[in-house]
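Pasting the structures in now, so scroll down.
Both of the next two complexes hold subunit A, though its partner changes from subunit B to subunit C.
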Partner chain A sequence: MNDRRSRRDALAPVGFLLLVLIPLILMPLAAVFVFAFRGGAAEFFEALKAREALFAMRFSLLIAFATAAVNAVLGTYAAYVLSKYRFTGERALGIVVNLPVAIPTVVVGTSLLLLWGPIGLLGKALEPLGFRPMFTPLGVLLAHLFVTFPYMLGAVKPVLDELETTYEEAAYTIGASRLQTFRHVLLPALKGGIFSGALLTFAHSLGEFGATVMVSGNLRLRTQTAPLYIFAQFEAGNIAQANAVAAVLAALSFGIFFVLLRYSGRREGER
Partner chain B sequence: MSIVLTDLTKLFHGTRVVDRVSLEVANGELFVLLGASGSGKSTILRLIAGLARAEAGTIRLHDRDVTREPPQTRGVGLVFQNYSIFRHMSVAENVEFGLRIRGTPIPERARRREELLDLIGLGGLGNRYADQLSGGQQQRVALARALAYEPSILLLDEPFGALDVKIRGQLRQSLKEVQQKLGVTTILVTHDQDEAFELGNRIGVIERGRLLEVGKPEELYFRPRSSAVATFLGSGTLLVGRCKAGEAHFGPLVLPIPTDVPHEDGARVRVLFRPEHVELLEEEPPGKLVLGRGEIVQGTFAGPLRRIRVRLAPLAATRQIAPAPPYGETGLLVEAAVPSENERIAGRPWVAIREWHILRRPAPRILVGESATAASEALTMGRILERALDGALTVLGVATEREKEEALRATLGQRMKDGGFPNASVRVRHGDRADAILQEQEENVYDFVVLGSEESHGDRLDPVIETILDRIVTPLLFVKREAARPERILVCTAVGEPGKADIRVGGWIARQLGARVTLLHVAHSGGEPPRWVRSHLERGVATLGSLDVESEFRIRTASTPLQGIREEETATSPGLIVIGGHGPQVRSRVAIDDVTRQVLRFANSPVLVVPENA
Partner chain C sequence: MAYLRKRALVPLALALASFGWAAWPWFPFSRASAPPRTIVFYGFSILGEVFNEAIFPTFEALWREKSGEEVEVLGSFASSGTITNQVILGVPADLVLVSLELDALRLSEAGVVAAGSWRALPHRGVVNRTPFVILVRPGNPKRIGGFEDLARSGVGVVHPDPLTSGGANWAIVAEYGAGLREYPDRPDAGFMMLRGVWKNVIAQAASARAARTQFENGFGDALVTYEQEALWDRARGKLEADVVYPRRTVLSEHTLAVVDRNVEPAERPIVEAFARFLWSDEAQRLFVRYGFRSVVDEWNAANTAFGRVDDPFTIEDLGGWERAKREIVDGIWKARVLRELK
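Let's look at the complex of A and B:
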């Protein structure tokens, strides 16, 4: 550990840092809750009980669960393939699967529309068959899967890369098939990575806005997620409604964040 | 036999990390593969376990060919250096894993697990997890896990490498006991020779993917066959001298050569003294084998023994291989180990030896320059030599350009396989044929180079042969047409000063082939030849006689040496003509057309050119 400066020396730099952070981060964090309860608890719960608000929150949670579940499987599989097999184009594929974090989410939404939409490349062909994913919950799920895909990979692949191959090899010689080895040897070792990856995916899905607003059509009681609801209510001037849902969303995110923090802290301690 | 490996070969980026390894391990044997890191020993283990695929060769476990089988069905237990205990499973679960996979009923599993934990000395620790165990304990668990499902073969890859010395000793003992108790055939891989000596029923020494020697620990230590094994195992002094009349000469030291390691007169002989067989004495001892008097240059206390290095005056016509002489060292260095309580040794002791070991002659290496298009007459001859000399055959193909190397390698590999040359190494180079052959010879040092002619050049000498002849220092065998195993060998001492190398090399080949030798001298004019010619020929016959080679000499009269040799060839049709050569020389602008070249051009029999210094 570096030699820490004494507490007195720290006074000025810490004070300055706080001075910057208070308006930048701490006050906005607080503002959500302050404004949500400005009209009292009764008004807060009233705002939450609105049919559209309840739907938006439930829909958001559902989509977040589904996204986390699908990507937990898909991302783990992708991490396994990328970590265990050597093939041509391996590097290229590694870059492509991580690309979604780098693309603006609105652009993602647009390209999904251009692909699956009624006049899109695939959409045009599928439309007559009655498959119209855009402006439906499925469209929202597709967008969220795309946007959050790298989080799972990023949480699982490093664990897999670091795990010595001798564990698997030991299992193979003992007689375990590839599947049994994955189930009994790799999966338990990956549990932590998968858990934090899934939580991260869940959190990002919960707050996703850019891509969602494009592909959902922002249809009330059909495809409107909580962030879209907040934005819509704000635009309509219903500040109280918007604030109530925003506070719930913020509380949820804090919750997930603290779980992740504690969890990763514990895993650090284990080593 | 539990384990039979045949010509096992593994390539990694074109290099043979495992090079034609053949090995048999008996039931219940504990076999140790010993080698430096990167020697390919672990790869052999992985091939046996099925974790890597062999490019060539077969693996048979208990008379079942498993070469193409996955690791799951081979029935081997494998223990790694890093233990690889499953961290989320308890010790008990780890040990039971193999049984669980096999669907063994729970009570049976528990019984077996308890049995094994007791056997390895971890009874009562079944509920612990890996992070609650020491390294030694983890390795014991790994051993139990690998034995739980009763594999027919146990493989251990540097199992004690990560442990400290004391724990290592305890674990070795446990392993030996467990292995003997269960009688499971075991291969252990290590770089630690103490471990190899302590554990191995037999040891195999691996270097650069090749299994150099296999034998009991004592055998390999006291009677190694090659200098590589002699210097890899233990320390000691390894010297090269010359053979004279059945005895090995190292300066003043003359040692008898045992009959089972035949050496010809003039051949190099290597002798090994282990440090404990070297005596350091204050006064010149009578009746002992004395190397001379030297000075102590280094003394190290090593517990029961004191290791001492003594420098002596160099021995005449003797070269030192081990201990490797430091740069600038001109003296002879001898390693000795004396009981450490003996503190009187100081100053200038006399060095005597109690025991010594004469190494086997290394197998001669034969290089065949092979034609790209079809099996050549050179290859047939190369094979005859390989058989007769018990040598190692390497076949070199030369491609016109780099891109064609791989195709040529495949063609030659197939040709060797089809032609029944499974042991031949195939090498491929590209570019000019003569340059490629010379380069290969320079880099890998062969004892014989066998060449045919790519195409007919009429009465002219193949320019490739011409170039090589100018620059080569080893005997070159030129084969024009398909030839059989030579029964008569014609040694031409016709030219220049009476050569000795040609008689020596020709005689040695004749002995190995069981062929008769005719020594030929061509005289310019009739009448009695000069006395020195007759005496030279008589001495030649005597030399050959001492090699147990039947020989006679003949003096022909002819206008030119070539004519005499041609006449003799027509009359007796020898299977091989041996003639001296000049060795490397500066190439003059006008090609020198000496007798050697004339014979190469006109003789129909295979011609062996022996450079004077070969």
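Let's look at the complex of A and C:
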């Protein structure tokens, strides 16, 4: 059953697709690297060694690790509940957990400010207690958890949905506890899903801009993430500085994407 | 299974290594010394270079010399309206330098700055100044000599957005005041000037800095902006435009406020020392070097790039910012000019 056309027929459409993709995707990406190295490798590394640039990259990485770790647990739990239990309001809850995909990230930032900020609904009450999450690393983390929440779910829930409940039931009948069942039955099956979900979450957190710019306060050496650093340097006209960090972020994303492709590709091949 | 583990080893090692690198400065054993005291400073868009490159390091060195104590001044720079909103919403700023007193008034209305406290600072809180000028394409092909020429048909004007940009508010006052002072016997001269210029506005950016980037990217024939922007670029050989000095224009004055809500009693002395430092000879000379005009006139001779304005005026000449905002920006620009151009 092979309805693929022959190689010769493919020439024109593939050529046309490439013609579209080159200016649309490939050339802009290449421009980042061309500009980053235009002043030579020495200037590139000099730009990266700036204290603010190093801090921004470290801070972004730490936030991405934290986001991936928290959402790996929360997202897997959400996927488990939504996949294994039948209850009223199940559909509504399913929509709620996927909502962050549909909401503009700037709106996420605004709504977090209006909740946790000093004039916000909860923030007003918490302010006298000295709890001010906005404009701190915690605020950035909250924004990233919100924005990336659905990625974990999307990676884990389909695996859980496909998984036969009989294995789980068998484990219970031989007297395994919930924890043991999770550890020995569910976790091995979910490992791939959790891994790719966490990687996706990590990658999105690393590049998050819209919500972060609202809640971080953009303070260099304190709450400035790598994308905010790039934007600030670019706005100030320091294109070399902006591009050096942009090139690193782009290379990191390529790396993550590569691992993701390789991993999921192998997994499917093993089946 | 074993194969799978082996395959996961490389990503795992990479993840661990990058985590270790990222978290390195925060590990207890790698901390060089106790973190220094910090002052957090928020400023409007064009202040970035002079503060990051000159003012902060100079103050840090002076303080170390004087007290033997390490201090670090951290800055964040965006449009005046944006930083004002950020401070009201709770960013941990100790000091804020806004483009116009109006934003300081908003801060005091929100209760984060004691009412009128900046007026007790030297020069009523004004740290430095700069006149509003017009940038045109090299060689001035459209022969623009003043604000009245921006009203000619066929001239495209790039203007920052008065909603967020302090510079845009200054620009409106400059245009209005120039018209009014040119024809003092015609009460509608200011309105006519504003209407003429704004009919030609083709792009509005959030901040003066962003408007300059738009102009640099090829939009429009003219940009209304701070003289400092142009001089600083020219000093670095980056200016690809000519500067036109209108015969009559406003001298913008930039106001410093101490954010009383955020300054802990223990930090007050150092915050106030930094505030006072901004009016010291040393800091004022640095401002002049970066293209700002000092509040002390004698320092201004040091920068020969400063252009001549025949008839400069200040916001005081128009009755202060509260009145100018009410009557000119809201009363004339927003209520009449924008409505007519719709």
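We adopt the following convention: the second predicted complex is superposed on the first by the 268 of 271 C-alpha atoms of A that agree within 3 Å, B and C clash if a C-alpha of one lies under 4 Å from a C-alpha of the other, contacts with A are read in each partner's own complex, and residues count from 1 in each chain.
Rule of thumb we're sticking to: contacts are C-beta pairs under 8 Å (C-beta built on N, C-alpha and C of every residue); 3 or more make two chains touch, one makes a residue touch a chain.
These numbers come from a predicted model, not from an experiment.
Enquirer: Return fit or clash for subunit B versus subunit C, each positioned on subunit A through the superposition.
Expert: Subunit B and subunit C fit side by side in the superposed model.
Enquirer: Tell me the contact category for A:Ile119 with respect to subunit B and subunit C: first, second, both or neither.
Expert: Second partner only, subunit C.
Enquirer: Once the structures are superposed on A, label A:Gly217 by its partner contacts, choosing first (subunit B), second (subunit C), both or neither.
Expert: The answer is second: A:Gly217 touches subunit C but not subunit B.
Enquirer: For A:Arg58 in the superposed arrangement: first (subunit B), second (subunit C), both or neither?
Expert: So A:Arg58 only meets subunit C here.
Enquirer: Regarding the shared-chain residue A:Phe135, is it in contact with subunit B (first), subunit C (second), both, or neither?
Expert: Touch status of A:Phe135: second partner only.
Enquirer: For the overlaid complexes, name the partner, subunit B or subunit C, with more touching residues on subunit A.
Expert: Touching more of subunit A: C.
Enquirer: Going by the contact rule set out at the top, does A:Thr88 touch subunit B (first), subunit C (second), both, or neither?
Expert: In the superposition, A:Thr88 contacts neither subunit B nor subunit C.
Enquirer: Determine, under the contact definition given at the top, whether A:Glu164 touches first (subunit B), second (subunit C), both, or neither.
Expert: first
Enquirer: How far apart, in Å, are the nearest Cα atoms of subunit B and subunit C after the overlay?
Expert: So the smallest C-alpha to C-alpha spacing between these two chains is 7 Å.
Enquirer: Can you give me the overlap between the subunit B contact set and the subunit C contact set on subunit A?
Expert: After superposing on chain A, no subunit A residue contacts both subunit B and subunit C.
Enquirer: Within their complex, state which residues of subunit B touch subunit A.
Expert: Contact set of subunit B toward subunit A: 49-51, 70-74, 76-78, 80, 82, 84, 86-89, 97-98, 101-102, 142, 145-146, 149.
Enquirer: Using the touch rule from the top, collect the residues of subunit C that touch subunit A in their complex.
Expert: Contacts found on subunit C: 7-8, 11, 14, 18-19, 21-25, 40, 45, 48-49, 72, 74-78, 86, 88-92, 209-210, 213, 238.
Enquirer: So in the complex, the part of subunit A that touches subunit B is made up of which residues?
Expert: 164, 166-167, 169-177, 180, 184-185, 188-189, 191
Enquirer: Sort out for me which residues of subunit A touch subunit C in the complex.
Expert: Within the complex, subunit A contacts subunit C at residues 57-59, 61-62, 65, 113, 117-119, 123, 132, 134-135, 195, 217-222, 232, 235-237, 255, 259, 263, 266.
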